[in-house]
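Take a look at the structure below.
As written, the chains take the letters A, B, C and D, and residue 1 is the first residue of each chain.
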Amino acid sequence: MIKIGIVGGTGYTGVELLRILATHPQAQLTAITSRKEDGLPVADMYPSLRGRVDVAFSSPEKAKLHECDVVFFATPHGVAMSQAPELVAAGVKVIDLAPDFRLQDVAQFEKWYGMPHTCTDLLKEAVYGLPELNREAIKTARVIGNPGCYPTTMQLGFAPLLKAGIVDAANLIADCKSGVSGAGRKLDVGYLFAEASDSFKAYGVSGHRHLPETVEQLQHLTKDKVGLIFTPHLVPMIRGMHSTLYARLTKEISNADLQALFEDAYKDEPFVDVMPFGAHPETRSTRGSNMLRIALHRPADCNMLVVLVVQDNLVKGSSGQAVQCMNLMFGLDESTGLMHVPVMP
Amino acid sequence: MIKIGIVGGTGYTGVELLRILATHPQAQLTAITSRKEDGLPVADMYPSLRGRVDVAFSSPEKAKLHECDVVFFATPHGVAMSQAPELVAAGVKVIDLAPDFRLQDVAQFEKWYGMPHTCTDLLKEAVYGLPELNREAIKTARVIGNPGCYPTTMQLGFAPLLKAGIVDAANLIADCKSGVSGAGRKLDVGYLFAEASDSFKAYGVSGHRHLPETVEQLQHLTKDKVGLIFTPHLVPMIRGMHSTLYARLTKEISNADLQALFEDAYKDEPFVDVMPFGAHPETRSTRGSNMLRIALHRPADCNMLVVLVVQDNLVKGSSGQAVQCMNLMFGLDESTGLMHVPVMP
Amino acid sequence: MIKIGIVGGTGYTGVELLRILATHPQAQLTAITSRKEDGLPVADMYPSLRGRVDVAFSSPEKAKLHECDVVFFATPHGVAMSQAPELVAAGVKVIDLAPDFRLQDVAQFEKWYGMPHTCTDLLKEAVYGLPELNREAIKTARVIGNPGCYPTTMQLGFAPLLKAGIVDAANLIADCKSGVSGAGRKLDVGYLFAEASDSFKAYGVSGHRHLPETVEQLQHLTKDKVGLIFTPHLVPMIRGMHSTLYARLTKEISNADLQALFEDAYKDEPFVDVMPFGAHPETRSTRGSNMLRIALHRPADCNMLVVLVVQDNLVKGSSGQAVQCMNLMFGLDESTGLMHVPVMP
Amino acid sequence: MIKIGIVGGTGYTGVELLRILATHPQAQLTAITSRKEDGLPVADMYPSLRGRVDVAFSSPEKAKLHECDVVFFATPHGVAMSQAPELVAAGVKVIDLAPDFRLQDVAQFEKWYGMPHTCTDLLKEAVYGLPELNREAIKTARVIGNPGCYPTTMQLGFAPLLKAGIVDAANLIADCKSGVSGAGRKLDVGYLFAEASDSFKAYGVSGHRHLPETVEQLQHLTKDKVGLIFTPHLVPMIRGMHSTLYARLTKEISNADLQALFEDAYKDEPFVDVMPFGAHPETRSTRGSNMLRIALHRPADCNMLVVLVVQDNLVKGSSGQAVQCMNLMFGLDESTGLMHVPVMP
């Protein structure tokens, strides 16, 4: 059994980790920290876990995280980098669901997150936790920067095209839509039901924190200079993410070959489903599961390829992906504990 | 492995059976029938099942249901009673998610469903599939009438009170609220998103088909004459059911004793959670799971007890309960394949 | 033109007042106060008002409310009673959308709102602003306690029955359901989209602030002692309220006579619509309008009457009713500026 | 008073016309046809209109449409072109909310709508009813092809850029999102609440009927060849449309000048609101109103302009725009009867 600690389990990525780990056959939840909720049984905050998760929140001091095999950080940025060095020194693996270990470009981190990076040594060895593109490095990593939700969809949607060198890398567009849980359990007027329901809007169009991480990773896939316009939107739904990706083809290629390119790229992936050419994936087809689905479109008489990508932002876009990384790091089958069938309708 | 057939798997109870059975360790889905969709892979209709359910719909003629160990009917009323005799004769157990085998009072069946009952012999031996009240009979049954969604909440909420003889059985009120999936995948203008979203209404206030079944079952629990006002409402949510039950106490009893009564009644039940006195269960705390939660309230200075009951109408209210019955019928642990943690948020 | 001031216009009842007053032919919005948002154009907070409302929020000091003809308080409890005396002394009429002037029983106010009532003199002359039951008194009032949203539905639903003396007044039940805007624009985790969407729950079952106000008013309609069980629920919709009322008939009376009783009671009311016997009103049929709709049901063979009442909680349940009162107080036609057709779908 | 007929008023554009016309000071609804609902009072189908619209549906034979001043067609394609000639010959003006008179290119009409165009004579004189681009022609038109909902947003968002000749017209992208009411009141499984709620998807990515109409109109604004990728998506909300438009700038131009270009283009328009540069308009800020809002964004260091456009698809995107055209055709102030303040929240 893997002894597991969670730092900051009161938010949505935290409770989603708990949901997944509760039925993971190799997981033994040892500690979950919350200074504010010290002593409160987790199931009192989240009645969905009544009878399934017995632990209580504990203050960081009591939590004995250094006795864990792995610690997940489901915290705001800045927390993981302050605690990771001590844990790693104690032999504990660290998986950060926040951005502290995602961006190798420290200047970019500091620009977008408005704080100095205090743990650049560990950052250098940290591995970006996207198994489909980074599997081998994850297996031996001590520190994982778990990808953001939007970046997961953009990378898995653009990767085969950039690797094949068949699109204009400098002019990519990602028009992305997220359910409201992507904003976390944060108290902000804009996320109130009466504000966010029955409405739709873009946000952060002039700049969003998930952009630099995505560009940095995409740049590893091509020698061409990557340029990306990323437009996030808020959808009145709880979970789910839909990215509509636009890439201009620079080579003649048939639709069948495009389809084959994607099917080949992901044929052994347990959590990437390439749907038939021209399909319209729905976010709900991934609800509660670690599956990400992709479909290709080529509007008539045109060299523009449209790639549709859907996932559950809290699973493949966050906590599920983190457990997928954990499985790899501990030599388990990658899909252990992650075979939830999507809840539909 | 239990060889399983499903008749009429294109609706919500059908796809929910498929979701549950896909990870049930003892279930082997052998056939799923749909005359209209013969040959269509199930996953083409329900992309959420891509990679998880391999079977295709087949016409009833090809389905070889008589070779199954058990056949679930996820069909409109009238279908199960026409096919059950032949299956039972072939040694196949039958679990009907529709009402054909719920009501022992044939006149009531014919009044509410507008058709003659053509299988009264089997009806006589059929067992009402509510494990918490009927466990032993289910274990040896050949035919199960799986309870309706509303009746499950009303029975489990009222049962301890009626058994204890401490409420006015003649004047029970159940004000019940259901998510829209309760109406099935039926094409009806009133269930369109643009009609049912952002609105709330009652329906069937003058009379609803789930009333006679509930009264018949409740009557088994008390010698007093049961009278029940049942008011169903439609909630703009997909899954979930919330029943607010009103019962007038006829004996002096403390809140602590009431709470103890319920906790005792359900203390060994894997799928009934009695929450602390005064709690307000949310339907989402059961989403995607077979759990039903109950909480008691006693508005100040008053002999009226208010019982709040929540469940996922498609799981404990339908397909999950059917699998719970199957487990009992085949000697498995009752919770086999049913330990999904609710998806929250 | 009526010169109008609004205190505390940043919440939902405030912005709804602004929406209604923007097209009211006799209304001239003079000032709207918010200490926190001093100087901010109202339309910057509420873009729906761009081009339609030109005023900016101003601090109370600058607002010159004493020069208004009427001031609406769209504030938390406690504010109106602190400012009303000075305004009334200056000849300004006061309409409080909060509870300060609703409850004549000061002890009840203090019990439920946890603060002393500091303005009991004005309270004595204050008029409860439900035009259908209190029209003449409203016309000459200086201070109006505008009814709560739930109480409006309960009173208009029970009133004809209590006046006629045909129901058991001691055992009324109101099972009520409200859209989330009823909670205001308050930052509370439970009202976040990801918490309140796709779920349903009861709240305040053991006691809710709208109970004493309702009982006090209902008691004026009958010599029998009124007893009321009131169970509020939260519906995943923005606007809308549905109250399901249960009253036991104590006299023999036909359904036709019951229907006539209600039709007669409300035949001259511009904002009460008695639907045909057995109808199921939807909340959306009142969305954005000041209309309240009622329908009666009599479940078979039973002396229980079920009364269904729907309204838009922000209009007839709050700001629309306040404007209706204003119209009466200033001698205008009662429906002036209130003839919005419900927005449907 | 303008005598008005409506053909096919049982759908959402029909009921929205009724809502608007019910408070239009110059409108007199004379007839509304529905063969199927002949004799049914409109308010029986749409209780939101109880007390506000007195007419009943009548069969086309009885409707005496030729005595009207104007007839709106809120019908599927093919109906208006079959009835318009007779009406126009009788001196009746025709406003078609369907596509029969939108596309001058008959081959395109026949390709996308799969039927021959039987009324090409009238089509030639028909005017495309987008007042902001076509005002003078509308004033004297006998037949109006009222624009589709998506096309309205795309045209008003791209028009200033194309007229100014500062973008790459051949490579426009429109990523558009619509509420479910855009699909009409059609019985289709995909629009059921339990299917469309809490999910998001694209549809018609390979080709959508609103594309040719948009390209045809945009082409009038520029000598460059227009190329447009149009990707529609379905949002789980009732009303509202959000178009995210991408255009590559071909000239050096400052953000201030871009903003000025749009503000100048629409400075006299009653129903186009150019928001501050960098704003994020929400669809709900237009709910129930005829207002369309636009905001510009320029992601850092980039020649890509992002234009955000929102509207209520049933008002400015359909019925409101049709009434706006009617006002122009009958010499009324353009905003007569259209000054609804958006319903928010």
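By our rule, a residue touches a chain if its C-beta (ideal position, glycine included) is under 8 Å from a C-beta of that chain, and two chains touch if they have at least 3 such contacts.
The chain list, named the UniProt way, goes like this: A, B, C, D = N-acetyl-gamma-glutamyl-phosphate reductase.
Please read all numbers here as calculations on a predicted model, not as lab measurements.
Distance between Cα centroids is largest for the pairing of chain A with C. The pair with more inter-chain C-beta contacts, choosing from B-C and B-D, is B-C.
Per-chain CA centroids place chain C at a distance of 36 Å from chain D. In this assembly, the C-alpha centroid of chain B lies 45 Å from the C-alpha centroid of chain D. Separation between the centroids of chain B and chain C, computed from CA atoms only, is 39 Å. Each of residues 12, 179, 181, 194-195, 197-198, 236-239, 281-282, 284, 287, 345 in chain B touches at least two other chains. Contacts from chain A toward chain B in the complex involve residues 12, 15, 19, 22-23, 46-52, 181, 197-198, 238-239, 273, 275, 279, 281-282, 284-289, 291, 293, 314, 339-345. The part of chain A that touches chain C in the complex is made up of residues 12, 179-181, 183, 185, 187-189, 191-198, 236-238. Within the complex formed with chain C, the chain B residues making contact are 173, 175, 177, 179, 194-195, 197-203, 205-207, 227, 229-231, 233, 235-240, 242, 244, 246, 278, 280-284, 287, 297-300, 302, 304, 306, 308, 310, 345.
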